[in-house]
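Two complexes follow with chain A in common, the first pairing it with chain B and the second with chain C.
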Partner chain A sequence: MSKTFIGPSLTVEGDVEGEDELVIAGTVRGARVQGKEVLVEKGGQVEASVEADSLRVSGRVQGNANARARVELAAEGQMEGDVRAPRVVLADGARFKGHIETGIE
Partner chain B sequence: MAEPEGSIGAKTVVRGTLKGTGAVKVSGQLEGRVEIDDAFEVNSEAQVDAEVHAKSVRLEGCCRGSVHAQRLILGAGGFMAGEAVVEEFQVEEGARWGGRLRMKLDLPSGVESA
Partner chain C sequence: MRDGEGSTIERRTRVRGRVHAREPVRIRGRIDGRVDGELVVIEEGAVVVGDVSGREVRVQGIVLGRIDGAERVWLGASAQVRGALVTPVLSAELGARADADLRVGEIDAGAIPEEAESQTEAPRPKLSAVPGSEGPRVVVVKKRS
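Coming up: the complex of A and B.
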């Protein structure tokens, strides 16, 4: 699987969309971020709605997140927005403001 | 190229402005504008439609728009359509070029620029 990496010293003002593994250690400010597995690393910042199979946040996300499998907010992560995914993990220490919807059976 | 600061995967499209410090390698698609102070590399399957400002640019894929760099290398598989404003320009056999090239250079005395 190919990979997209936005390093700590890089900023994207716009959208990043695709089916790659997407690792964001820098900044993405736009309307839409899409990847297969999206990782927002510590120090990484996303201001956009995120769509993925799975999303893991150790940095900051401002925007709604929609994952087909899983969203994980790590202990050092911060997120503001609504989360929709069948599995959601909020680690002890994570900061979160928004709604969570896993759906019920 | 050393480990790049940024890479755009083959199945990814970036639309907008990409800027910062460090080298960037594109294998997917990029539309918009690039402003980096290091090497910018466009791989063979990649497509770039952008105004590119970088220290050096190497094209093995397709680039439409403009390139502003100290050095531009158009590799054997490279295709460039648009304008390039560079100090050094290198073309490898097999590359395709459709556009305008402007080189920043000091003309010998007595020679007037066109």
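Coming up: the complex of A and C.
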């Protein structure tokens, strides 16, 4: 799968959407980020809601996250917003403020 | 610009908004909005609806807007530009298409013989705004037909 890479010195003021893997090491400020696999790398910042199959955060996300498969907040990651996904992983040391909804069988 | 260097907006990715880069940026997808960068590469199949500025702008895709290359602009054979193009140095491959107001470098008035100047109708710059461009409207010199 091809990979959209938003590098450390790139800023998007707006929305990013697509079917590619999306790696964010820079900054996205907008209303919506949408991709298949979204990875917010260390140093990366997202101020938008995120929709994805899976989301992994080692950087910082301010906004709600909705994933069809999984959300993972790595030890160095920070998230502020509500998370909805069948599987959610918060690593030891990760910072999180918001609600988590995984659904109940 | 090699693969893996700088940022890449891939084919199936669409950005609606402004992109600002202090690193090389390669666009293969679609951007609806302004792009500011250092080296901006718009590949074949890519579409930018908005103004593009950079030290160097290389186009093989489609740009609807104003291209401003502080050092140079290169249009590949598959490039299509509608809007305006302003740069000190332009190179274009055979097949590149442009329907654009054009200003490339400065005319050296001292090199033009006086009688030749008087025999031709003096160029009368027609000031126009670029349709569809975002932000402050720009004033450019209309190309001579």
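By definition in this document, the second predicted complex is superposed on the first by the 105 of 105 C-alpha atoms of A that agree within 3 Å, B and C clash if a C-alpha of one lies under 4 Å from a C-alpha of the other, contacts with A are read in each partner's own complex, and residues count from 1 in each chain.
Here is the rule we use: a residue touches a chain if its C-beta (ideal position, glycine included) is under 8 Å from a C-beta of that chain, and two chains touch if they have at least 3 such contacts.
Please read all numbers here as calculations on a predicted model, not as lab measurements.
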Side-by-side fit of chain B and chain C on chain A, or clash: clash
First, second, both or neither for A:T11, with chain B first and chain C second: both
Which superposed partner A:G26 touches (first chain B, second chain C, both, neither): both
Chain B versus chain C as contact partner of A:G44, first or second or both or neither: neither
Partner chain(s) touched by A:G59 [first = chain B, second = chain C, both, neither]: neither
Partner chain in contact with A:G77 - chain B first, chain C second, else both or neither: neither
Set intersection of chain A contacts, chain C complex versus chain B complex: 2-20, 22, 26, 30, 35
Contacting residues of chain A [partner chain C, same complex]: 2-20, 22, 26, 30, 35
Residues of chain B touching chain A in the complex: 4-22, 24, 27-28, 32, 36
Residue numbers on chain C that touch chain A, as the complex places them: 6-23, 25, 28-29, 33
Residues of chain A defined as touching chain B within the complex: 2-22, 26, 30, 35
